[in-house]
Each structure stands twice: as structure tokens, then as C-alpha cells.
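Let me give you the structure first, and then I'll get to my questions.
Order of writing sets the chain letters: A, B, C and D. Residues in each chain are counted from 1.
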Amino acid sequence: MTETAIIGASGYTGIELIRLLAHHPELHVACVTSRQYAGKKVSRVFPSLGGFTDLTFEAPDPKSVAAKASTAFTALPHETAMEFVPKLLAEGLKVVDLSADFRFRNAGVYAEWYHTHSSPELLAQAVYGLPELHKEDVRSAQLVGNPGCYPTSAILALAPLLKNRRVDVSTIIVDSKSGASGAGRAPAQGTVFCEVNESFKAYKVGQHRHTPEIEQELSFVAGAPVTITFTPHLTPMNRGILTTVYARILGDPTTEGLLEEMEAFYRDEPFIRVLPPESFPATSNVTGSNFCDLGLRVDGRTGRVVVVSAIDNLVKGASGQAVQNMNLMLGLEETAGLRLVPVFP
Amino acid sequence: MTETAIIGASGYTGIELIRLLAHHPELHVACVTSRQYAGKKVSRVFPSLGGFTDLTFEAPDPKSVAAKASTAFTALPHETAMEFVPKLLAEGLKVVDLSADFRFRNAGVYAEWYHTHSSPELLAQAVYGLPELHKEDVRSAQLVGNPGCYPTSAILALAPLLKNRRVDVSTIIVDSKSGASGAGRAPAQGTVFCEVNESFKAYKVGQHRHTPEIEQELSFVAGAPVTITFTPHLTPMNRGILTTVYARILGDPTTEGLLEEMEAFYRDEPFIRVLPPESFPATSNVTGSNFCDLGLRVDGRTGRVVVVSAIDNLVKGASGQAVQNMNLMLGLEETAGLRLVPVFP
Amino acid sequence: MTETAIIGASGYTGIELIRLLAHHPELHVACVTSRQYAGKKVSRVFPSLGGFTDLTFEAPDPKSVAAKASTAFTALPHETAMEFVPKLLAEGLKVVDLSADFRFRNAGVYAEWYHTHSSPELLAQAVYGLPELHKEDVRSAQLVGNPGCYPTSAILALAPLLKNRRVDVSTIIVDSKSGASGAGRAPAQGTVFCEVNESFKAYKVGQHRHTPEIEQELSFVAGAPVTITFTPHLTPMNRGILTTVYARILGDPTTEGLLEEMEAFYRDEPFIRVLPPESFPATSNVTGSNFCDLGLRVDGRTGRVVVVSAIDNLVKGASGQAVQNMNLMLGLEETAGLRLVPVFP
Amino acid sequence: MTETAIIGASGYTGIELIRLLAHHPELHVACVTSRQYAGKKVSRVFPSLGGFTDLTFEAPDPKSVAAKASTAFTALPHETAMEFVPKLLAEGLKVVDLSADFRFRNAGVYAEWYHTHSSPELLAQAVYGLPELHKEDVRSAQLVGNPGCYPTSAILALAPLLKNRRVDVSTIIVDSKSGASGAGRAPAQGTVFCEVNESFKAYKVGQHRHTPEIEQELSFVAGAPVTITFTPHLTPMNRGILTTVYARILGDPTTEGLLEEMEAFYRDEPFIRVLPPESFPATSNVTGSNFCDLGLRVDGRTGRVVVVSAIDNLVKGASGQAVQNMNLMLGLEETAGLRLVPVFP
């Protein structure tokens, strides 16, 4: 059993980590922190976890964490993570960080979209934790920057096409639709039930911070700079991201041919499910699970390919992927604790 | 008072017509038909209408309809409409048809996406009922083909850009998201509550029948053939369509400049609301009303413009627009019966 | 045209008043106040209202309000209302207050469930604004305490039974289910979308402040003290309250007989719809309207009657009823501005 | 590994069994039947199950089932189950039946609320599968009648109070609220998304078939005939039942005292979670899990106790409880395959 800590455990990704790790055969949660709830029992704050944990929230303290755990998941806000993670690394812990702070290779890009980075030297050492692209690097990492939810859905949809040079990389459009848990658990005007329910809207059109993260990884796969148009939307449901990707095709590929290439690209990946022709993902088919479902269609009329991906934003888009990364970092079975069947309906 | 009939009044667009016309100062519903409910009181089948109508559903019969009404809204399935509408026209009624049967100028296009047309000669006489584009033709029409819900949202978003030649018409992508009332009231596996709720999915990717309808009208505005990629999605809510449109810009327009052109294009249109820069529509802001809200942003990074439109699919996307058309056909105030404030939340 | 003001107009009941009054033929909104949004245009804060109002939110000031309006709706929090309303009355305005502050006849009861009342002398003069019970008093009132949402649904369900002495008043149980707009627009942990969506819960079991309000009015109708058990529940939807009432029957009434008595009791009430035997209300049949739908059934097996009522909590449960009261106070048609057809689906 | 079959596997309880058994260490699904989908792969019909099963739906045939499995879950409609189950028993299988056909001890009660029973002799041998009441009988049963969803929530809420004679059994009222998956997966007017969403309603008031099932078990616990008033309601969410129970208390028990008795009553039950005073269940805290959460409060004002229970209707209310029963019948760990953490949010 490896002891682990969850730093910033009172948001939706934090309690999702507790849920997933309760099913994990080799990782044991020894410590959960929350400034807001320090001193309160986890199961009183989150009754869903009753019977699964006797832990009490603690104030976050690196020394105290290191005394209890050799690994940590940090689910802190941007900037806060940047300050806390180096202290855990200094104590020798392996860390999967769920914030944006260690996802970028280039401190300048980070500074442009977020703010100045206080530990730019760590960016070179941190690994972008999308196992389907960086598995070997993740295995040997001490620090993994866990991908954002939208980027996970977009990159997995596009990687095979870019790798095989099937699309014009200057024509990529990413249209994403997210459930409301992506907005977090903190109360805000925009997340009040009646503001979200029975409504659908776009937000941060052309300006969302996940844009450069998607571009970084698509450029990596394509071996050349890729710029995209990205529009996120808010959907009245708890969990799930559906991403619809558009690009102009090069040459004359068929739907079947591109699906076969996609299958081949993800052959050894336990959490990718490529759907048959004329089938497309629905978010309800991945709820509660670590799967990314993928479908595509070549539109001969317009010379474009449309790829559709679906993930649970709290699992493959956050906490599940974090566990997947930690499994790899510890040399465990990649799927340990993550063989959960989607909950449908 | 002008007497009117609603043929096929037991679907969601049918009862929405009854709702809207209950608020109408000059149109009176004299007859509602439904094969399924013939002989039953409307208010027993739809208790929401209790106190607003004493009508009983009748079996559809052109002679009987003509005896009671001089105008009609036909809310019948494709093919059925094509058979029934000519009989009403022969009786001298003015007709707004909500099916796809009279939306196309070209019987060949209709045949390709639907089936062979039984009254192709009527296509030349029917007017496509998008008042913002064809107002004068609607005024003098005896038969209006009322636009589809997705086309309304897409065409209104793009018309000013195409008219002013601001975008490369070969790069247009239309990504639409619809509430479930668009799928109709008839029970089907795909519309069962638990199959729709907490799920988001794409469907008929690249193959939806509204594609040629959008292309017909965009080509009309652009003065040249336009081909688009269109993807519809199903959203877990009752009402509303949000459409996100992407296109490559020509020249170097600004967000503010394109918004001003949009304002100018729709200056005299009572149901178009253009939002200020950095504001984007949400479907909940138009629920129950005949508005189409519009917002856009030029993305300098990628040389694209993103336009977002929102309508209530049952009002501006169907029954409200039908009333707007009938108002014009009868020489009434265009907004008669339609000055309804959106119901938020 | 009578000029009116809405004090505290930025909550859900406030903007619902703006919506309803936009349809009103004789009441004109001259002034809306909001501390939070003072100086901002209403239509920028609430885009749903775009095109219907040019008003700007003002800070609340009694003198300034009185300069513009002769009537006011106060939609302020408890205690705040108690301070503000007397100032409006002193300026000669007629006031419908939507808080709890003027609903009670007995300052002691108010003090027990809320806090000490600062203007107990006004309680004698204020009228409880349930027109179905107190219409004549409302007509002559200067100050109306507008009923709570739950009480409206419960009292209307029970009044005919109590008036006709059909039930044992010691056995009354009121089980209510409310949509989330009843919790208000202010962000709070409990109203975050993901905390409400896909969940159903009871709250304030046996301790909700609407209990004494229900009891006051049931006692009035029964002519004797009535004590009830009341449980409110939160339902994942925007609007609507469904209340299920249980009581032991006296004598041997039939379902049909009690429905007839209910019909008779509400014969002249324009907003009460009594459903036929074996039909029961659904909240979706009253959404957006001022109706209260009622159904009941006598259960011979157990000697109980079950009554079910449905209202839109923001309309008949708040702003619609407030307009209904103001209409009466001004000698207008009781239904002015309120003949809105429910929006279904 | 014990081989098992799921008969009638294409409804929501059927696929929930497949989901739960995919996590089960000792039960293996060897055969799934469905008339509707015979010959189709399970994972094509239910993409959520992709990667977890290679099974193909078969037409139901007792011999064929018996050749593959020694145990079976029957998830067939009433009457159909009654015909099929005896054939499986004759083949020597142990059977948990999820229909109502084997829940009643008295064929006359069954006949009164359902229809004539074709195998009344089996009623004496079948065990009512609520392990919290009948664990020893379940262990030795060949046939278990798995409880209905509403009865599970109601009986578990009331059993400790009745056992300890804390309430007047003539005053029990059960007010239940269910998510829409309880209505099944078959398309019907009443389960169309837009008819359920944003609506709350009561149905089958005083006439629901679960009434006599609740009464049978409450009478068993009380040791005397118990008659109740039961009202089911439909809630716009996928999963979950919340039941609110009312009864007059005998003597002068306190909230704390009754909660302690409830704790004691369920001390050894792994799926019952009794909440602390002033805490009440929410269905979202049990979603996807086999838990029943319980809370209660004594209302001194009215001399009543209010008990609130929450279950996932598809798990503890159906398939999870069925697995729990089968575990007991096979001498396995009662919780095998069922230690799933609720999915929140």
C-alpha cells in the first residue's frame, strides 16, 4: 500500500479523488487538506462518502503531509499550486498537480494566458500527464501536470489525425460543451442552479485559457506549430464534456480508413474506446468512468472531417486521469482503481 | 378578428401555436385538428391550456376547416403536409406550413434530402418564411414554408456577414445545440427522459436534412453557392437552440465593426437583439419569446469570426415565426401576439 | 397609467415583476432599485428583458421613489422590508410587500419564528394578500403582506375542506416540493447547480418559517386553531411548487362531492383551476402563469383525503399574486397583466 | 466463479445488473436475454458497457439458460416473470426475481392489486428479499422476490419505529418522490423528456400497486395489520427515491432516542447509513450505490415523527438489492460487488 495525500480536497476534483481511491487496491489516502473545512470530518461535509473514510480535513502543511504520505495529488487553484507543489517535491513526494501551473513547457506562454510563473525551472522537469501521448515520460516523472478537461477531450480527438498528417492544421476548430461541475464547487452567480438549468451558452469565446494548452500538445504531435479556434460552452448537466472538432482533410481518406488509423493509434490504450462508423459518443456513456469515447465522419461534400469525443470531465478530464498518471509513476497497473463501469442512465 | 385553423395541433409546435394565439388580438383559433385526439377536448389533453380554449380536436378535413377559417397553420409531418396543404390552398385559405415540404425552391434538392415532391409546382409560389430576409414576399404570399429551427438560428447569424462579404464562404461551419422539444412529442427510445437527461451528444453528423435549407438561404444572401458543414447536438433541456458559427474573415474587420454592421442589417427587425461586444447569448434569455439574440467576436489570432445565436426553437424556430409570417400575410402588425417577455429563469 | 416602483428588483421575484408588468395595460414601472446593481441598466444585468425596459437600477431611497411612483412592490429581505415599507407608506404609496414582515397578525408569532418586529402597529393594518380568502380587505388596503410560496399552495389546497368542516384539523400534513428559484438568486453552497441537479432532498424538517403562516390562515378559515406538520423539499427544476396535503376525513364524503365543493368555493376565482376526478396537477402545467391547479382524491381504505396543488412559485407564489393584489388595491381588473398562458413544455 | 444469467436484460434494471456484476469478484454473467435485441451485441445496444462484456443478447429459453448458468436474475414484466421463473426453478437454478410476482405471501392480495397468480404455490416458498428484515430466510431460499423500489425506501424508514412500537400504526403516511428511471426504459408519452423535465407531479394517488407490498412488510414487523396512505411522485432526475414518512408518536421519544434505536436496529447492516440529528438524506448522496440513508426528527409541536429515506432506485431499489440477495443465497460476502462509492455530484 502506498500512502497518498489530497491537497485541496474539498472541491469536486478533490472528492472525486477520494471516491476513486476508495476503489484503489494499492493507493491509500492518508491525508486530505482543506483550509475551509479544517477540523471537520470528510463524511460530515460530504455524506456521499459516509462509510468509506474516517479522515478529517487538515490545514495544508507540507511537513505534515510528508510525514504521512509519499505521494500527493494537488487540487489547488492556479498560483496556489505553484507555491505549494515545490515544497512537496522538496520533501521527496511524487506529485500529480491538477492545476494549470505545471502543464506548460514554455513559461512565456503561461505568463501570457495566466500570470508570471514563480517556479519556471520546474516546467522543464514536469511532464504533461496525458498518458496516451507521454506514457514513458510519466512513468519516470516526479511531477506531472495533469491536463485540463477540455484539452484532454480535444487532444485525444485530434492526435491520430495530426500524427498521420490527415488534416490541414491551419483549419482546426474545437467546439466543446461542458457540464457544470467543470465550473467548480464554489458558489458564484454563474453557477447558481437557475442560471445554468434550462440554458445553454458559450463563454470566453476565443479567450479560454485552455487554448494554449491544446495548441502546445497538438503542435507536439504535429511536429509543427498549430493554432486553433476554441469555443467552450456550458451545458445544463453535472458531468461530461463533448467536443466536436472540425478540420479540412488532406488527400482523400474515408471514414473507415480514419477510424482504423484511430484504432491503431490507441491500440494499447485501456481508456480509449473508438466507436464504429456512424456511431458517435454521448457523455452519458462515460459518466463516472475514465473512458474517452471517440467517433468521426468524413464529410465528402465539404472536404472536412468531424471528430466527436466524450469524457467525464471529473474523471478522464481530471481526477481519473490523475490516478492513471500516479499509477504509471508508481509502476502500478495503469488501470488500478479505474476499472469502473460508466453509470448509465 | 380573422379565423384560423391549426392542422396537426397535438405536437409541441401545435400547442405552442395555441398558446401564442391565445395572446393574439386579431387572430382567433376556430379549429384544431388531430387524428390521435379527435373528439377530445384540448384542455383535457393539455391541461396547461385550461381556461384558454373550449375547442375539441377534430379529424383533419379540408372542407370542414375551410368552413370555419380563412387561414391555417399546418403542423403536419413531411409528406403529409405536401398532401394536405394544396387542398387548403384550393379552398382559398392562406397557409403557413411548418413542415419542410414548402421550404425549398428546388424540387431536386428536396428529393435528394427528403423524397420525391408531389406538388413541385407549389414550390415556385411558396415563400421561405424568414421575415428578416423575405419580408415583402411574405406579405403577398398565399403559402409560406416556415423555416426549420436550426436554419433560423444559422441563417440569422450569418446573413449580415455574407451580405457584406466579410467571410470566405467556403469555410463556414455551423455547430448547433438544441433542446429536446425539437425532437417532437411522440414517444421514441431516443427521447425517453433518462436517455436525454444528463447527456450531451451529436447526431446525424454531416447528414442532417436542415443542411440544404441553410445552404439555400445562405446562397441567396451571398449571391453565390454556399456549402457548409453542419452538426446538430442534443442538449438536456426543453427549449432553446444555441448555434455557434465559424468562418474565416476577409480583410481586417473588428468585432465592433461587424457588430455595427449586424445592428444596421437588422435595424428594423423587431425580434433581433444584437448584444454588445464581449456579450454572448444564452438560450434562457429567449425562452418563451420570439427573439433571436446574436453576439460575435473576431479572433485575430486565427483570422476567424465566431458568431453565436440563440432562439427558442418552439417560438422563433417554429410557431412564433409562423405567427409572425401570418401577421405579415394578413397585413397586421408584425409583432401582434408576439410581444412576450422571455421567461427567465 | 399608474406609476409603480419595484424595490429590491434584482432577485428572481423582482425581475419576474418586471416581466409581468411589461404585459400590464395599466401599471407602468417607473423605478427599480437594487443596491448591488445601482447605476447599471436593467437589460445589461438581465438580457432577457432587453427591448422591454430602458430603466437603470437605482439605490433605494423612499423620497426618490415617491417622486416617481404612487405604488410600490417591495421585494426585500426580511427585516430590511420592515424598515423600508413604513417610509413608503408615510409618503402615501400603496405597497405590496413580498417579504414575510407583514404577513402575520400576531407580532408574537412573528417574533418566535423570525425576530422582533420593529413596526408591530402596522401588522393590524396590513392585509394578508391571498385574494381567494381576503379579497375585500385587499381592495381597501394600503399595505398588503404578500403570501409565501409554500403557504399559497397549502392554504388554497385546504381552504374548502376546512370551510366545510370535512377534515379533522388535528391530522393535517403538508408535504411540499419546490423548484430551486424559491431559494433565491444569491449564490450559496446549497444552490450551486451540481448540488441541486439530480438530487432531491428535504430541508428544515418541521422547522420551516412558513409553518406559522400556513397555520394562521388555516385557523382563520377553520375558525379554530390549526396546527400542522409541514415538510419542504427541494426539486431539481427552476419553477414550481407541488404540495401534497393529507388529512383524515370527517363523515363519508366522496371524491366527486369534495371536488364539487372545491369548485363552488372557488367559483369566482379567475386563477384557480379545479381538475376533474382522477386528474392531478403537474407543475409544468402552470409554469409562467398565475394559476393554482387543484386535484383531490378520497382514499376510502384509510379514511383520508389527499389534495394536490401546483403553482409557479415565482408567479402565484410571489410576483403574480403581488400584481393580483395591486390590481385589487387599485380597483383594476383582477386579472390585468396576468392572463398569461402557461409555457408548456 | 458462479455463472449467472440475466433474463430480460435490456431494461434499466437489466443493464444495471450488468454494470454491478462487472465489478463482482465471484459472479460471472454467462448469458443475457432480450426478445427485442436478440442477436445484437450488448455493447452496441448499450455503449456504456463497451469493454466490459462481449455478450450477445439471446432470446429467453430456460433450457439454454440452464446450460450456461446456475443462478439467474429475472427482470421481466409482471405476469411474464410468473411464467418463466418456475421453469428456471425446475432446472435447479437459484433465482432472484425483480418483478412483483413473488413478493406477496397472499395470492389474494396479489390478485386484488395485479391479476390472478398462475403459480400461487410458489408464494409460500419465495422469500421477500429485503435482507435487513429477512436475512436468514434469504440465505436458504431458492427463489427471492426482490422488493419494489418504493417499498424498500418506505419499509426501511419505518421498520425500527414499528418494531419498537414508537408510532400509532393507524396514522402512517408515505410520501415518495422518484426519479424517472423508475418508469422504465420503454418509450411512452409520460416518459418523454419534455413531459418529465421541469415538472413535478403526483400519480396513482392512493392506488399504486406498491401499497399492499409496503403494508405486508410493515404488518410483519409490527405484528399486526398496518394500513397506510401512499402517494408516489415523479421527479425530473434519472435516479433516486426520497421517501418522507409521517406518523403519530406514542409516548414521548426524542429525536436522539429514536435515532439511537434506528442505529441499533441496523447495527450489522452494511448498506444502511443513519444520519446524525438535524441531517437529512439527499438522493445525490446515494447515486450509483446500494446505500439507504436515513434521517428523522420528532416534531414536538404536533406529536409526529418525520422519517426521511433516500435510495438509488436502480441499486438498493432494484439491481443492487438483487445482487445483495444473490450473495446471501450463495453464501458469499453480502457486500460482494457492491462496495461502490456513490457518484457525487
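By definition in this document, a contact is a pair of C-beta atoms (placed from the backbone, for glycine too) under 8 Å apart; a residue touches a chain by one contact, two chains touch by 3 or more.
Here the structure is a predicted model, which means the values were calculated and not measured.
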Revision key, fill the gap. More Cb-Cb contact pairs, comparing B-D against A-B, go to A-B
Exercise for review: Would you mind checking which chain's C-alpha centre is most distant from the centre of chain A?
Suggested key: C
**Study point:** Between chain B and chain A, distance of the C-alpha-averaged centres to the nearest whole Å
**Key:** 38
Exercise for review: Calculate how many whole Å lie between the centre of chain B and the centre of chain D, each centre taken as the average of the chain's C-alpha atoms.
Suggested key: 45
Revision key, fill the gap. Each of the following residues of chain D touches two or more other chains, namely 12, 181, 194-195, 197-198, 236-239, 281-282, 284-285, 287, 345
Review point. Which bits of chain D are touching chain B when the two form their complex?
Key: 12, 180-181, 183, 185-189, 191-198, 236-238
Revision key, fill the gap. Residue set of chain D touching chain C in the complex reads 171, 173, 175, 177, 179, 194-195, 197-203, 205-206, 227-229, 231, 233, 235-240, 242, 244, 246, 280-285, 287, 295, 297, 299, 301-302, 304, 306, 308, 310, 345
**Study point:** Partner chain B, residues of chain C touching it in the complex
**Key:** 12, 15, 18-19, 22-23, 44, 46-52, 181, 198, 238-239, 273, 275-276, 279, 281-282, 284-288, 291, 293, 339-345
